[in-house]
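Okay, so chain A shows up in both of these, paired with chain B first and chain C after.
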Partner chain A sequence: MSLLRAWLAGIPAYLWSGWGAVASLFLLFAAWEGASAAYGALILPDPATVFATLAGLIDSGAAWPELATTARRALIGLTLAIAAGSTLGMLAGISMTASMMSRPLVTVLLGTPPIAWLVLAMLWFGASDGTPVFTVFIACFPVIFVGALQGTRTLDGHLKEVATVFRLPARMKLFDLYLPHVVSYLFPAWITALGTSWKVVVMAELLSSADGVGAALAVSRSHLDTAATLAWIAAVVGTLLAVEYLLLEPIKRELEGWRRQEGSAA
Partner chain B sequence: MLNRNPVAAGHPLWLCGFRPFFLAAAGAAAGLIALWIAFLGHGFPLPPVVGGPFVWHAHELIFGFALAAVAGFALTAIPEFTGTAAVPPRPVRLLAGLWLLGRAGFWLSGWLGAPALAVAGLAHLGLVTGLVALLAPRLFSDPERRHLSFLWALLAFGLLIAGFYAEALAGGAPARWLYATIGLLMILIVLAMSRISMRIVNAAIDEQADAAGGDANDERATEYRARPPKRNLAVVCIAAYTAAEFLAPGARIGGWLALAAAAALCHLQSDWHVGRALFRRWPLMLFGTYLMMAAGYGLIGFSLVAGTDGFSAGRHLLTVGALGLAIYAVLNIAGRMHCGRPLDERAWVPLGAAALALSALLRAATALPDAPAPLLLALSALFWLLPFVVWLWYMAPLLTGPRTDGGTGCEGIIDAAHP
Partner chain C sequence: MSAPVAQPQEGPVNRRLAIHGLSHAYALRTVLDGIDLDLPAGRTVALVGPSGCGKTTLLHLCAGLLTVQKGTLENGFLRPSVMFQQPRLMPWKTTRDNIALGLKALGVPAGERSARAEAMGRAVGLDALALDQFPHALSGGMQSRAALARALALSPDLLLMDEPFSALDVGLKGQLHRLLLDHQAAHGLAVLMITHDLMEAVRLADAILVMAADPGRIVHRVELTTPARRRGDAEVYRTTAELLQHPAVCTSFGLEPPAADPEADADGGCAVLPLRAVGADGGATPAPRKKGFSC
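Moving on, here comes the complex of A and B:
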């Protein structure tokens, strides 16, 4: 209970620390405004115009269905990648042989550009949802796999021995020893993967779909509508920022708390 | 035997640099606004100067009131920060004379023309040059050079004064130099506050702990630290906005930069979230300065980005609110401590600070649609005048009288616990 209270008491301080990020974003907008003044509205519309366009898209109801479609595809692909990547990565981490074997394969997966996977996916899945979902899955999988692998491999052998000597019950070993450690590796990997999924899904849609934010971007490009293009980009980036800083970052801090305390005590 | 002639160097008025300058600042604060409101309300004639009454108003409050406060603060605080000898009375008297000459020259410039204006410009420049000459060796003598930023700020002050007078003598519109000086003053406040607040806020935290029945020897649960990265971000944003306003007044790019400055100042406030101790009078007064500054830049930014009214209201939150509160706090804190007296715990001090905050809000409220502007301006002026008049009432005897604690100059409270 007191833990919960301490956590809740920390929320305002966390939110308040966001002002630093807000200041940086406003500096970015100022640079954007300056570039817009230098190159003209056709090349780069100013931030106010873009946000007005975005507000128009939201008001007219055009934005939400597209964002929902895109989010659905990204989340399906990401969920599949998290499930497969975490499980396989942890399994591979348990066995030295498996981790040795899997490393080159991961390098191959990481090294293949997502656009190449996209072309393959278009051949295999056509214009269906399968194309963006598969592309997201294959782009996120190796990132999560490596995180899970490292998490399992770096488990402290001494702690394991101590746990065995003291005959800790299996449940306790799993929840108090292995999982906190592995999750502290897995979670950052999931967050990185979330960012990747959000970017890759837009790219996949741009080339292969008739709906979603990527498709809307393709349409605004064909109309030479820079303001609408930037408005869609702002929507995508804004959603990602909101999810990351309002949802994932606080969880991450919580999960990694034990690490920081250890570091500061040392 | 103490000299009774206030012009003589032996008079207690010259014991320390802040004494004449803080008196001048408080007197200017009250007198200038009294004249200004008489002009706005009843058409009372102001000295005709280049650029008209608005330039007179801004020039006098910035180069008269604020510069006097800055000079008094710098002459007292920098020797203290750097652990060097106090500035002797003779140069201080010269600088005070230059300040008066600057007032006289500028006020008469409408009648006497360019020569008087040139004299005023040289007097102001002489004052800043004198400060730099007196204080630069002290700032460089600190092996770590921790307080060198004050030197750059003083040099920038000199540059802006030179710019104003060059443009005024050339017959141009010199107001933008004054606006840029407001930005510089905001930066100076952030720099100075980070030094003052460390002591004031932590003292308040200790008092709070004592009041709560804690053991004085307990380690502090919370400690206030003014962290440089946050401060630097705020300084960079304010400087960027000031430059943008100077080069492209009214442009939307300045609006984004002002919003960035507001956000950076909010970020800076997170250092101050130290619990109940914040609500004691001294920390709250200093914290109010940051609140006013953030609100001022926020309003300026919003009005520029959205293209609405409120720009002038935002600027007056900076000047009346942030600058007024900061100077009032310094007048009360440094003004007492370097007279060898403990901080004044009577009610007039926080009431004065509240009046200043109210004055800033009333001035800003004139921008609201259908606001009774003349009434609000008059009330705002009244709430600005009162604290400074009351301060003079209580503090002038202290600043013009000898020290009663055996101190002979600028030293703080002489106390066995704080040698």
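Moving on, here comes the complex of A and C:
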């Protein structure tokens, strides 16, 4: 409860600190406008046209169902990856042997391009939801696994001794020692995975689905409708930015309050 | 290599830490050789010796952080507690929750352990603000107080301390010494304490074991007859000076042997030893001028 209150109280100051980010976004729009003027509307429509198209998509009710479908697939895949990656990564981190054995496997997973997994998923799952969900899962899992593994392995040995001499039961070791430390590694990994999931799901839909933002992109491409294509891209990127900066970043700052104090005290 | 490690036994009879012929090696390097030590309930034994003589290894063996390789270590105490050289507080817990850590492990309900942690925190001189802060916001001295409170909050019957006060100034050291002695008088806990500060050992301990390095072994034993709480400054300084005159202590710490005849020193000739020399030679805390320092 206090976490929620602190989070709400921190929002105005946090939003105010976002002016720098907004300014740099507007610089990007300026460059976009310039490029649009140079290359013409067919190659790159100007921002105003794109956002007008996006507003039209939203007004007509075409945008929300597609975004909801995409979000559902991305979140299912991401949730599965977070659950499996965090648990297995921490278990592997506890054992030296397991972490040494899992490292090369994770490198293989990380090194395999998502598009390769997508082809396999299309063979296995066909045109169902399974294809994008599986592709998101397999793309996000190693990132989260490595975060959990490193978090567990980097725990201060001195604190483990404290846990031993004060006879902390296994449950307390998990919730009072491992998790608080590991979360500071896990959370950035989760945020990276969220970005990955959002990108991968659109790619998977583009090639395998009949609905969702990816499918809408495929349609607008076939119509050579650059403005609609950019409008869908803006919708995807805008959603991701909103989730990351309005939801996850404030939570992260609150969870790592002790770390911030460390910085200011040093 | 399987040496017997006795489990804690019921009954007050076995409330003691008994070590016989304890040896320990890291790979081929022997760090402890033939240690004998007996610590009954309510007593304080101080282990002094130069850096690297295996003191911390011995303490870790007693705390169960290392496995006994050779010899026997019987720990009959039921609630041992440890205060490490560094405060070792969990950075993500407030001071209050850090102090309550051991109580939480024992399954004490949240309200009660918070109250007990607060009481113990107050006893070591931490105010409400400090108790609600995270350890990084505290000064080094306050962190040490919190670490002592965490160790004492368990109401231990054995307290193992590894150079607990070495980073503190003389004033704070004196306060915590007093606190420890008061707690010991009230609860009768046994203390095994490691220090390289001879004067601290003389101030707190009932028996002092001097260790030498390569391999770590006990080379000298001193029994102090006056109870620690009644030991005055003058007696502490005199006994420290006597200890520093002892050939075994000089050799252990790599000091020049005393210029005077050691035989004469044993008869009390050391009373005239300049106190300044204690600080300069032994690295011990220089003699404070304020009376407030006394225990």
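Points to keep in mind about this one:
In this text, the second predicted complex is superposed on the first by the 247 of 266 C-alpha atoms of A that agree within 3 Å, B and C clash if a C-alpha of one lies under 4 Å from a C-alpha of the other, contacts with A are read in each partner's own complex, and residues count from 1 in each chain.
Rule of thumb we're sticking to: a contact is a pair of C-beta atoms (placed from the backbone, for glycine too) under 8 Å apart; a residue touches a chain by one contact, two chains touch by 3 or more.
Note that the structure is predicted; figures quoted are calculated from it, not measured.
Superposition of the two structures on chain A shows chain C fitting alongside chain B with no clash. Vectors from the Cα centre of chain A to those of chain B and chain C enclose 90° in the overlay, to the nearest 10. Contacts of A:P47 after superposition: chain B is touched, whereas chain C is not reached. In the overlay built on the shared chain, the residue A:M172 is in contact with chain C alone; chain B does not reach it. Of the two partner chains placed by superposition, A:L224 touches none, neither chain B nor chain C.
Touch criterion met: A:A13 reaches chain B, while chain C stays clear of it. When the two complexes are overlaid on their common chain A, residue A:A23 makes contact with chain B while staying clear of chain C. Contact with chain C, but none with chain B, is seen for A:T164 once the two complexes are overlaid on the shared chain.
In the composite built from the two structures, the nearest CA pair linking chain B and chain C is 16 Å apart.
Chain A residues in contact with chain B (one complex) as well as with chain C (other complex) do not exist.
For chain A in complex with chain C, the residues that touch the partner chain are 158-159, 161-162, 164-169, 172, 176-177, 180-181, 257-259, 261-262, 265-266. Touching chain A in their complex are the following residues of chain B: 230, 233, 237, 240, 244, 251-253, 256-257, 259-261, 263-264, 266-267, 269-270, 273, 301, 305.
Looking at the complex, you find that chain C touches chain A at residues 63-65, 80-82, 84, 86, 88, 90-93, 101-102, 104-106, 133-134, 136-137, 150, 154. Chain A meets chain B in the complex at residues 13, 16-17, 19-20, 22-24, 26-27, 29-30, 33-34, 37, 46-48.
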